[in-house]
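So, here come the structures, one by one.
Shared between the two complexes below is chain A, which pairs with chain B and chain C, respectively.
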Partner chain A sequence: MRDVAVVAFAQSAHSFSDLGWTEADLVMPLVNEVLGATGLKRSEIGFTCSGSNDYLVGTPFSFVAALDTIGAWPPIAESHVEQDAAWALYEAWVRIQHGDIDTALVYGFGKGTVGDHVGISSLGYDPYYLAPLVPGHVAMAGLQARALKDAGFDVDPDPTPPPATDGAAAVILAAGDVARRVCSRPAWIRGLDHRIEPHGIGARDLTRSASAALAAERAGVATGPVEFAELHTRFEHEEVLLRQSLGLDEKTVVNASGGPRKADPIMATGLIRIGEAASRIHDGSAARVLAHATAGPCLQHNLVCVLEADSISPEGKR
Partner chain B sequence: MTAQTSDERVLHVLEFPGGYTRSTGPVIGRFLTGLRSGRLFGVRTPDGRVLVPPTEYDPQTAAALGGADEDWVEVGPAGTVTGWTWVDAPRDDHPLDRPFAWALIKPDGADTAMLHAVDSGSKAAMATGMRVHATWRGERTGSVKDIAFFAPGEGPAEVPALDGEAELEPVSVVALPHRLEYRLRGGTVWNHFIDGMAEGQIRGTRCSACGKVFVPPRGACPGDGLPATEWVDLPDTGVLTTFAVNNVPAAGAPEVPFISGYVLLDGADIAMLVLVSDVPWQDVRIGMRVKAVWVPPGRRTRSVKNLKWFAPTGEPDVPYEQFEEYV
Partner chain C sequence: MGNRCAVIGVGQTEYRTKRADVSMAGLVREAALRALEDAGLTFADIDSVVLGKAPDMFEGVATPELYLADALGAAGKPMMRVHTAGSVGGSTALVGASQVQAGVHERVLVVAFEKQSESNATWALSTHSPFSASLVVGAGGYFAPYIRAYIRRSGAPGNIGMMVAVKDRINALRNPYAHLKIPNIDLAMVEESMMLWDPIRYLETCPSSDGAVAMVLASERAAEAAHAATGRPPAWVHGAAMRSEPMGMSGRDSVDPRAGRDCAADVYRQAGVTEPRRQFAAAEVYVPFSWYEPMWLENLGFAEKGAGWKLTEAGATAFEGDIPWNPSGGVLSSNPIGASGMIRFAEAAQQVRGQAGEHQVAAAVDGARLALGHAYGGGSQFFAMWAVGAKKP
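Here is the complex of A and B:
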């Protein structure tokens, strides 16, 4: 595995009302901010990957509009996931592992304030058994909260969603010496894994998160202390379940940033967890942190990223 | 579809006429065919568990399921609530028009639960472990909504007869209607462009780095990734860089054949998709000089529809080499 680090992170001043910003308006300042922070030129970026969801604004291929912000002409190597941009970061990390490029730009954006989230989230569920009923994300979270309450967890069984938010985030990944050149304290990705559970929620044990636990195991969470964790907890009851599944003890500070309950620019929220966690390494306040992102109903799909400062990296080159 | 609303946001509706059509495959189709008959079926996994609703593959082992008749098990008609959540304010597209619970219901004989609505009357009447039974619709089509809702208690689960059911083919396709509404705000770039269109003026933006002019305007230069915020008033004349003769009616062009084309306005660096008219389709050619035809000033609205179409000016054609870069 190549050593790859988060070397820059930027996020928008998120808004809880529609200011009429386009996708390009949201993303462009952030792309310029992370390029400026690293001193990298657009032409030096080896791969670009974004995450968004066309249903959020009801426009097919809405991610194409955001490409204006990255200077996609002459053609660049680019990809997109119809998911939270944390998964775009995963794709970019895999792409850098190929060995022929050293840098990647990752961004995600979402306008959560203009659409109907119960309707939109339902279209992401099983189209035969669930979508026709239009249960929506809040009811799905409610089923999990109730299951936890029934199992003896101290949680509110009637969860409320975070505020609908417009916003975006951008990250630059760099490998090895390039990372050291463009960033004084690179946040090295020491573990990155994602796992998913069956789409039938009635076939799952909602009081456990087997996929989060497996992703954490494969990302090596337990091999050292976790000082800060940024968890993609859109609902309050999810923290207790994730703390347990990820193996975090009470010494780990969760969501020091405020977390998704304070701002939830959907499709960027997970990437922001990675960026916020990396920022604790960048600013020198931590040596080992964890970021988590989730997708699907009741924490169906979970991504875990372990980030470390140079001082405790195997190379010890700091 | 768009319509102006009073708060200056625009209502945007996303829907597929008649619904999105999906094939069911044999396993889901067999379950939905059972629902149409007012019966619940599960599929058995190799280790003997019964999955309801059935899946094509075992979530644990990925083994293909449901291939043989003996893999299918009738379950219910009553079942047990294994989890639930309350809905105070039902939506128009929900199964019930009064407060209800979403519940995970494990039908008798099944090892997994299905999601559906429970009409318990009150939140206080809901409990994990409570017994419920299906209430079936009279009109059933092979849909999860053939169950109107689940009601408390053991039943009986009466199944109204379905006319002509014996002649029906097994369910193999479902139509899934859905409708999403959005409230969109134009943004500064779009609003300035539309304000121009209201007075018959086409406006573009120029990139400060490369100098290229974009129309319709965009806030960022796609080449440089930098703000393109300098406004440029453009003439309504240009050259047709390519076109299509369309024989299928479209929303903005009900009569066929109609011609759509790309016009590079004089002074612009990107061609704009427009309609071309006032010319027989046989006479339309690449390189033709064209000019906008506008709705008369007194009848204009704040809309791109003020620009009706482009028509030939009669000037000599422009040599291809002069606009080759923009084709």
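Here is the complex of A and C:
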């Protein structure tokens, strides 16, 4: 695998109310910010990938308007996932592995304040048996919290969701020498993997996350200490579950940024975890960090990213 | 381009107005199982699953990869969901191929579907967003002005669109999966059909279909193993590219988009194609409205600017012509929107594998020539293409 690093990260000043900003308004300043931070020109970006969800604002192709703002002229090599932009970053990381391009721009955005979250999350469930019941993400999380409580975990069995949020995030990935040129402390991606589980929660043990554990194993989390972890925990009880499944000990500081409980712009929240974790490398405060992103009811789909500074020495440890 | 990648299995469902006999999960699983059977594999052999479809509002199911993970045997594996508007089927194939080309996975299952009967696409395309006015025109109303601009620029005779409609529907008669089969179709029947969006008549537009398509994409080693096991040859990817351009940029040419030209140029450079009309044996190109055949003939370099319609008129793109376009019947004959792009990619692969059955183009199987798969979407702004061949690149 080629060495690829997060070399720049920017996020919006997230809002809990609709300020009248379009997705394009949210994204464009961030794209300019990450380009400015690296000194890269738009024409030097080899691949662009974004993540968003049409249902948040109730219109098809919400990513098309965002494309109008990023300067896709001359035409660019570009793709989009209808997933959290952490998966757009995964697609971009895979694309850089081909060896013919060295950089990628990744962004994600979500206007959570203008939609009905219980309704929208329910539309993401089995359309024949589950969605018609309109259970919503909070009730589904409650089933997992109750399962954990009953299994002896010290969690609140009555979870509350984070406030609906408008926001966006952007990341630039760069390989090898380009990363070193545009960033003084590149956050090298040493492991990146994601795994999905069956959709039906009856087919899963809700007191553990098999997919998070497998992704962590594939990403090599256990090969060293993790100083900071940014976890995609929209509900408080998910932290204890993920700490266990990812193999994090009590020394790992979780969600130093405040985490998704303080800002949850859906479809950017996972990418922000990667950006926040990388920022601990960029500012020199850590040498090895972990980022996690999730999707689906009760942590159905989990992505794990291990980021490291250029050289890990004992002196570098906190 | 990275490591070599090949198509070792293709599976399609029958395309119909309404597949009431299957759920969405049943539909995608039908295509996936057929692709696996073609490749001589089972779900256990698959490393990663990539799902593509057009807007979620077409079925009213958000982020359907979560629900469809079970049906596609994805549990315990990575799963992606691609959405790039109408080009998504092609993009999904390319995202899957990328995982092989990157050396990340050996065997990737790519699946694209639409079950249009669950909702109403023209409604879904015309919803009023909070930030912009809806034209309530659907896709046909959107593209008709581009077509009129093409006719005016090129001076094409008015019957070219009807010729494409007749040709593709006759081709569909040779395709067991095709949705529209009109055995006695001719120019008079097309001309008599209702005008929907001038100049697009009812029989010059694509249907709304339920359907799914799947492919197994494999590394060189896995492709050779599959070939030895099944006796069916792989289709090697010789070139692959995506290009996008803004919808709302003044000065962009939405009739002959630069993103389409650039995307083709990238694919041709990788595949060593300098004369598309001679070097391709067949092309499966996204033509949802009849006039897009001459328009894309020019955009893809098969004809000079303004001369695409002359190839159609001369019969060059017919099944018996020197460069058959859409021998499967194309999007005009089957259109599960999110799958339509991948069907183009899969049909191109079947041509060079010699697996296209009754609509096999004889010149595609000798290995000397390639086949083109093409998809476009949005406001003629998203493009995905690949060139495949029977020989290793």
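One rule holds in what follows: the second predicted complex is superposed on the first by the 312 of 318 C-alpha atoms of A that agree within 3 Å, B and C clash if a C-alpha of one lies under 4 Å from a C-alpha of the other, contacts with A are read in each partner's own complex, and residues count from 1 in each chain.
The criterion applied here is as follows: a residue touches a chain if its C-beta (ideal position, glycine included) is under 8 Å from a C-beta of that chain, and two chains touch if they have at least 3 such contacts.
Just so it is clear, the structure is predicted and the values come from calculations on it, not from any experiment.
Looking at the shared chain after the overlay, A:L19 reaches chain B, while chain C stays out of its contact range. When both complexes are overlaid on chain A, the residue A:L67 reaches chain B and chain C alike. Contact with chain C, but none with chain B, is seen for A:D193 once the two complexes are overlaid on the shared chain.
Touch criterion met: A:D150 reaches chain B, while chain C stays clear of it. In the superposed model, A:V31 lies in contact with chain B only, and not with chain C.
By the touch criterion stated above, A:V114 is placed in contact with chain B and with chain C alike.
Once the two complexes are laid over each other on the shared chain, residue contacts for A:E91 go to chain C alone; chain B is not touched.
Of the two partner chains, chain C is the only one touched by A:H80; chain B is not. In the superposition on chain A, contact is made by A:A295 with chain C only, not with chain B. When the two complexes are superposed on chain A, the residues of chain A that touch both chain B and chain C are 22, 55, 57-58, 67-68, 72-73, 114, 120, 123, 127-128, 131, 197-198, 200, 203. Within the complex formed with chain C, the residues of chain A that make contact are 1, 22, 48, 53-55, 57-65, 67-68, 72-83, 87, 90-91, 94-95, 97-100, 114, 120-121, 123-128, 131, 193-200, 203, 210-211, 214, 295-297, 300-301.
Per the touch definition, chain A reaches chain B in the complex via residues 18-22, 24-25, 28, 31-32, 42, 55, 57-58, 67-73, 114-116, 118-120, 122-123, 127-135, 139, 142-143, 145-147, 150, 157-158, 197-198, 200-203, 206.
The touching residues of chain B, counted against chain A in their complex, run 9, 12-14, 20, 22, 24, 28, 32, 51-53, 55, 59, 82-87, 91, 93-95, 102, 104-106, 112-117, 128, 143-145, 174, 176, 178-191, 218-227. Against chain A, the residues of chain C that register as touching in their complex are 1-2, 23-24, 54-57, 59-70, 74-85, 91, 94-95, 98-99, 101-104, 124-125, 127-132, 241-249, 252, 257-259, 262-263, 266, 378-379, 381-382.
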